[in-house]
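Labels for the chains are A, B, C, D, E and F, by order of writing; each one numbers its residues from 1.
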Amino acid sequence: MNSVTYKKLFPHKLLSIFMLGLWLAMSNSIGLGQWLLGGFLAWAIPYFTQAFWPQSMVIAKPWLALRFLLLVLWDIVIANAQVAVLIMGPRQKLQPAFMRIPLELKQDFTITLLANTISLTPGTVTVDLQMEEGYLLVHGLHVDDVEATIADIKSRYERPLKEIFECSKT
Amino acid sequence: MNIYLEVTISLFLLLGGVFALIGSLGLARLQDFFMRLHGPTKATTLGVGGMIIGSIIFFSATEAGLSFHELLIALFLFITAPVSAHIVGKAALHRQIACEERTRNIPWQRQSDNSDSTS
Amino acid sequence: MLQNVIQLTMFIVALALVLNVWRLCIGPSLPDRILALDTMYINTIALLVLFGMHEQKTLYFEGALLIAVMGFVGTVALSKYLLRGDIIE
Amino acid sequence: MTLLSIILLPLLGALLPVYTERFGRTICAYSAAIGPLCALGILLGSSASVFSGHIEQVYIAWLPAIGLDLSLRLDGLGLMFALLIVGIGLLVVLYARYYLAQRDSLGKLYALLQLFMMAMLGIVLSSNLLLMIVFWEITSLVSFLLIGYWSDQSDARKGARMALTVTGAGGLCLLAGALLIERIVGSFELDAIFAAADQIKAHASYPVILVLVLLGAFTKSAQFPFQFWLPHAMSAPTPVSAYLHSATMVKAGVFLLARMHPALAGTDGWFYLVTFTGMATLLFGAYNALFKHDLKGLLAYSTISHLGLITMLLGFSTDLAVVAAIFHIINHATFKASLFMAAGIIDHETGTRDMRKINGMWKYMPHTALLAMVAALAMAGVPLLNGFLSKEMFFSEALHIESMGMFSWVFPLSATLAGIFSVAYSVRFIHDVFFNGEPVDLPKYPPHEPPRYMIVPVEILVGLCLLVGIVPNLTVAPFLQAASLAVLGHDMPDYHIAIWHGVNLPLIMSFVALAGGLLMYRQRSGLFAFYERKYRHDEKIMFESRVQFSVRMAQMLTDLIQNNSLQRYMALLIGAAVVAIGYALLPGIPWPQDFALTALEPVSLLAAIVLTVGALGTVLLHHNRFAALLLLSVVGLVVSLIFVRYSAPDLALTQISVEVVTIVLLMLALYFLPQITPNESGAKRVGRDIILATAAGLGMGILTFAMLTTPYQTLSDFYLANSVSGGGGANVVNVILVDFRGFDTLGEITVLAIAAVGIYAMLNGLHLPLPQADGDGRRWDKEPHPPILSVMARILLPLAILVSIFIFLRGHNAPGGGFIAGLVTSVALILQYLASGTLWMQERLRWRYRRVAVSGVLIATLTGVGSWFFGYPFLTSTFDHFHIPLIGEIELASAMIFDTGVYITVVGATLLILAHLGKLAQTSHSPRPPTSKAFSGADLNKGDD
Amino acid sequence: MEILISAVIAILTSCGVYLLLRGRTFPIILGLTLLTYAVNLFIFMSGRLNTSASTIIGVGDQYADPLPQALVLTAIVISFAMTAFVLVLALRARAELGNDHVDGRNSIEEIKS
Amino acid sequence: MNHLIIAPVLLPLLTAIVLLLGTGRPPRIQRGISFISVCAQLAVALVLLSIAAGDQTLVYALGNWAPPFGIVLVLDRLSALMVALTASLAFFSLWYAARGNDKPTDSLHSVMHFLLMGVNGAFLTGDLFNLFVFFEVLLIASYTLLLHGGGAARIKSGLHYVLLNLIGSSLFLIAAALLYGLTGTLNMADMAVKVANTSAEQAPLMHAAALLLLVVFGLKAAMVPLYFWLPRAYASASAPVAAMFCIMTKIGIYAIIRMYSLVFGTEAGLLANVASPWLWPLALITLTLGAAGALAARELRLQIAYLVVVSVGTMLAGVALNSVAALGATLYYLLHSTWVCAALFLLADIIMRQRGATSDRIITGPRLKQPVLLGTVFFIGAAAVIGMPPLSGFIGKVMLMRSAVSDEQTFWLWFLLLASSIVMVTALSRSGSTIFWRTENRTAKADKADHLALAAVMALFACTLALSFAASPVVNYTQATAAQIMAPNNYIDAVLSHQTVEGVHHE
């Protein structure tokens, strides 16, 4: 089996594994029947929908990815508390700002991940993406220093993402 | 179900509930759209997350074996919430909805106060 | 105790829903209203999760899952309408 | 059967001429004559037995359930009439052969004439009153076609319509009368009716019956005040007039009077109604006839007058009056038919019927003139002619009626007066046409004698006038006797028809009439001037204007009610429903007596508040359509929460999925519609609508509450008990859907498939103006597919499909099933459309959605059909458990295949609808320059074009 | 709760009916949707209020009447099909008649002229 | 077990599916499939008719679930008659349509078969909710058919028709749910038993449900004040559709007869004959307004549509009289009016095509290409629809008039029937004489009517003539049908004692 047909037969291995896990979680059961059925579906669905998602994502550094994931989760939880305080606090003290974050990332997928990460972590929401000009427009709820926040985002989220997904081969 | 479990679940639930309420409060009381956007996107999502954890513990304790399927809901929410926020924000941006005056770098006012501009 | 906490949380979430619908009514802008609706979807999910615990049944899981999917699609469609008018191009 | 053949022969004759017309007019005429000739032969053959008092009868069952059967009789009255109908009909056939112009279709005329003859024969030979009415109305119908023969003439059309309306209406009255008679007698058979004559006359509804039957007779026989249609029927070709207005159509009315005489006559009601109607008609016709300048007009009014005479005689009801009436029927038929034919000849040869132009015809066509003059004298009642005899009898009877006491003199007086006029118009007919100087401005000049055979019918008829007039006992006596027997029911009274009874009062009256008539004609110029001044109205115009008026009234009424306003129709429909509920609950709303209400829950209360805000908000914000849409979604969301609250997770799943698809759909449509609903309802309308809406809401609320608090017993225990064992599924709702009530589901997915097919057809070729900006005039965003959205949508697709398969597979035992799974799949694919666009999707998904949808229905249907092969009814399900090592037990149910059909249908239909609607913008055109205000509020003010 | 549910159905009906009586297609369709909600709830209520019950055999010990639920499902699907149809019909009407009035006339225009 | 009962539902359904799957095939093949199917349906319908004539009520339990738990189809005289009438109408409509009146072909034929499925299902089903489902099937099909061919007039009337019927469907659901909520059953026979035993407290609610159903069926039947949708809709529909639609009002009438004899009939205890006091006056007003509309109409097809309204009024009056004689007469009249009105719609189409731009407006226009032939056919049709003897309309009316009992009934029914007849005489003589006689001095440029299309029209008229001259067997059938309807216990017994097939669903 050459690599092309192999790739066609199993277009998204990672997705397949993920889906199998999902299936087992959904059916709330780990019987053999569910493994078989889930395994079949985890193969069949990506196979039949591959036309919809042609480029496959490759994680170059899985451990970094895991670390990044935990980081983001942590950020979500901790900083959410801050936002809660901000929301409940006096409204007039908030210092909102729009920020343009210049992008080093090139791929749709990673940019999307970055944008979503920014949105999920507190205080910032990605409201626009300009691919040609290469920046994300982010709204911050309470930004003391615009430049610092941009730099923080770039180092905290963009760089790891670039390493995980885009710096692999090519 | 033992009392510690109950307390844990209760904590998760109440915390989640409070976050959800705060998110909605933010939506209700903040001054402009872009500020309001933050509340639901995060607080509410996190709140639901908390409740889902509570639920997972609850059902894992009451039914036989672990019950993970609620996790799927949280997964979906965390995947979709930022995209929702993005697309609504984009719409607002497109419509150039009035912002609080103190907002810096309002994109459609770039010509007038370029001084503060980033990049 | 747990039942009382569940009920209380449900009440809190319901209160959040009322706040959402208030925002939905007063707007003022259409994105505001869409945002309010989207929040309502999420709060509804919370309500379903809580209700499942209240009833001690897992029957509402699919409902919550579906609301998550449908709420997302709805929000996307509504926002796209404001952006492009033609939501399917 | 011979009787039936008498009726059917002309019917055959009706078909022949249409076919033979192409072989020339003579052959056509011969072929037309064959049927009537045979019928005549049969009639004459039967006459001997009729004379001997025998009544030949035929009965063929047609519709015994309602008493409508082919029941025929040939008695004296019928024989006499049948002979007139067939005999004069034959002469008309001959006459028409020469009368009709080359451009007119002779075959059509013959066909109609014979159809008419058939109907007339039916009337006079019917032994069943209902059957008689059948033929009666056929004569009305066919006369419409005959009078309208020259359909390009406005007069002909109007005359035809008038005749049809008047005589048709009379026929319907007669029908009502007949039905009333049948209620009393229990049969439509004449024998039964005659036998029950006393019973009828004594019955409370006799006056109604009498009036209804008389209305039938009077309209047909052109009695005052229904006479007006007859003069206008003169726009028919003359052969038609000669036939309809001498021997047939108009005589049907007096025939009916004679026929029903045994059953209805002999009461005061009959006497007054019939006599005075006849008298009024007699005078009215006679008076007007004198002043008509149209030859046929004169004859028409004369006909009216003579019909009045006959009616009056039948009103007298004495035996001799009846005999006189019958006698005059025969006489009038002969002389009037010949006069019409003569008039037609003159018209034919001169090109006009205006007596002011036609003068001195004696010089040009002496033969015709002689015949016409004899006939006219018969009409005037001059001795030695048949008219004289019956008129003498009439005078004599008029003198004998004493039931009016001291006022009985009105009868002889009016008879004499009518006689004077009758003489005067007859003299005018003779003098003004054949003498009175030279013709003026004739369209055809010089006139000459008609073709030889055209005049033969006139000769025969005039000959008959003379024969009857001179030797009545050798000619008509037996017919008269037989007919009288049929009408009176007993033998003829002792009477004697003779030319000379000695000098008696009737003779003196005749002489007064003759002298008076001549005198009156001499003084005509003054009378004419008087008439012109006094009497100028045209019944045709009046009738038409009345019809026009009723048409306008109908139009006003219809436009008033049917104003094409959906808002009104909706209000009426909803109002009807409100009335239905209100009326039913009026006697008392069943409040619960010992019903424990469930406690109010705070969370539910909050949810209800949210729902109320959503619903009211939708209404209040409905002018801003997009905002209303958002509020509507809230309502849907809370409704699904209610489903959850009350133990219906399946419903919640369905509701939430359908909701989103519907919202997407609404937005797809809203793009092409105005964004703002104009404020166009006035305060009154809004007030009305609020009242109606409140009433409807109140009604529904009360119904709900009453239902919720009423105990009930349901079938559902059966479903709960049999779901697992009989349907193989734990989710009872799903088992009901795919098994217990799978037929409903089959219908439901068929609805979905049809909707898809219909929408596909509607979208085909639909072009809508493309809005270039949103409601506020903002141009659209330039980016059609935001990349973040596209990426996430693609990631979500496999996940969503996984979820949908999960929901499908679990559906039989847990909330879910084919329908919801189908919606989830559809929504996942719609998300791709939203995020990446139609073109992108078309490259990846090459399904033809219509086929997909239909295939789903096919799968479901075939699953159902499959059970036939096991000897079970449609849709019988089967399932079994299989134990597979390592995996465990697996259940396979045929219902799953059915559910697959549902799934496929839903996916196909939903995607067809949404994808094709989404494609609309690509196929639509953009008729306007892309200005920023192109499709906004201004749109409403400018109107779209 | 019975009163609350009745009130909810009453309000949905009233709002739906009011919108149904408007003159433009879009509000009418909104009204139709509201009325459909009311009707679906009404059908659902013909199985009475069942809390803490289910229609899944083996889940819980109380069972709700499953039949009305099945009927509502059918009704939802059918009304979805109908809504889609009437919506496209409204578009077609807009194209053919030039406006979105149900009677094909633009009443503001008429009032003005 | 006789699977033939379900054939009137499945045959058209499968035909429609096959036609849609075969989209793109030449019209010839599509028409062929459609026509063969409709012939088969006609044959099936006639067999069913002969079965039902044996006075046996046949029950078909779908899914082999015994009534009242599963859905049943019930074949009695009435349903057999209606199914046969539908098949005959479909036969002629599709025959006519196949002569070039069916473009785009695939959608017309397939949707027509979907319609047939819905109509037949509605006639055959013995389940109230299933009746709703089939109503929806036939309605959605009818919406599509009504719009077939497009154009502003169709769209406008279609919009009204669709929206009104959507409300009607909602009302149906409310009524059905209410009845379920009170009786706990949807099977009509079972419901009849339960309704008959209604307590006094429940009676008002039942009454409300019964009257709501009357509104629903009244809307379908085009009863005043719910007839508004009909005239414009019928007048603007394409000819084969308009002809086929002549069955639509009869579905409402059928439902009224079925519901208010079986469930709310004479034997329904507290709810006996709840519809009668409404039906009678509304029927008479319908009759009157229909006649006025026919007189007022400015277009021929609109006039015919109003004649349909008149026939609806007539039939409803017969139903309201609530006796075997009246019901028998009504059913006979139903056959008559369906055929005649359908034939007139088809004829109007032929006429309209020949008149070119003048179309069917009742004004002076060019001379027709075949004035005598078309005129004769029109004349017969007009006479039949008015109720002139000896045609079927007359027989039907006489039967109906004879069935009136009380003086008041007699007066109003006779008066209005006869008055409407004379109004129709005036109306049709005006339109007929204008169209055929008051012509311009030029002949229409159009082609002669297609022979086979014309033959379809004439054959349909021939049915009317056959109905007139061979009235006796038909009247016997309809009278026996009426007797069967008025004795609903046979129906109830047949359904409730139905035995399912052994072997499945039995533990």
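In the analysis below, a contact is a pair of C-beta atoms (placed from the backbone, for glycine too) under 8 Å apart; a residue touches a chain by one contact, two chains touch by 3 or more.
Remember, predicted model here, so these are calculated numbers, not experimental data.
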Per Cα centroids, the chain farthest from subunit C: D
Chain nearest the overall C-alpha centroid of the shown protein atoms: F
Taking each chain's C-alpha mean as its centre, the one farthest from subunit B: D
Whole-Å gap between the CA centroids of subunit A and subunit E: 40
Whole-Å gap separating subunit A and subunit B, where each centre is the average of the chain's CA atoms: 16
Euclidean distance of C-alpha centroids - subunit B vs subunit F, Å: 59
Distance from the mean Cα position of subunit C to that of subunit B, given in whole angstrom: 11
Set of subunit F residues in contact with two or more other chains: 129, 133, 136, 140, 143, 147, 150, 159-160, 163, 167, 174, 178, 180-181, 186
Residues of subunit D touching at least two other chains: 564, 566, 570, 574, 629, 645, 649, 670, 700, 703, 707, 712, 714-716, 719, 740-741, 744, 748, 751, 754-755, 758, 762, 781, 786, 788-789, 792, 795-796, 799, 803, 810, 814-815, 917
Junction residues of subunit C, two or more chains touched: 15, 17, 22, 30, 34, 36, 58-59, 65, 69, 71-72, 76, 80, 82-83
Parts of subunit C lying in touch with subunit E, wherever the complex brings them together: 55, 57, 59
Complex interface listing, subunit F residues touching subunit E: 129, 133, 136, 140, 143, 147, 150-152, 155-156, 158-160, 162-163, 166-167, 169-170, 173-174, 176-178, 180-181, 186
Complex contact set, residues of subunit E against subunit C: 52, 54, 56, 59-60
In the complex, subunit C residues that touch subunit B: 1-2, 5-6, 8-9, 12-13, 15-17, 19-20, 22-23, 29-32, 34-36, 38-39, 42-43, 45-46, 49-50, 52-53, 56, 58, 61, 64-65, 68-69, 71-72, 75-76, 79-80, 82-83
In the complex with subunit A, residue positions of subunit D that touch it: 786-788, 790-792, 794-795, 797-799, 801-803, 805-806, 810, 832, 843-845, 884, 886-888, 890
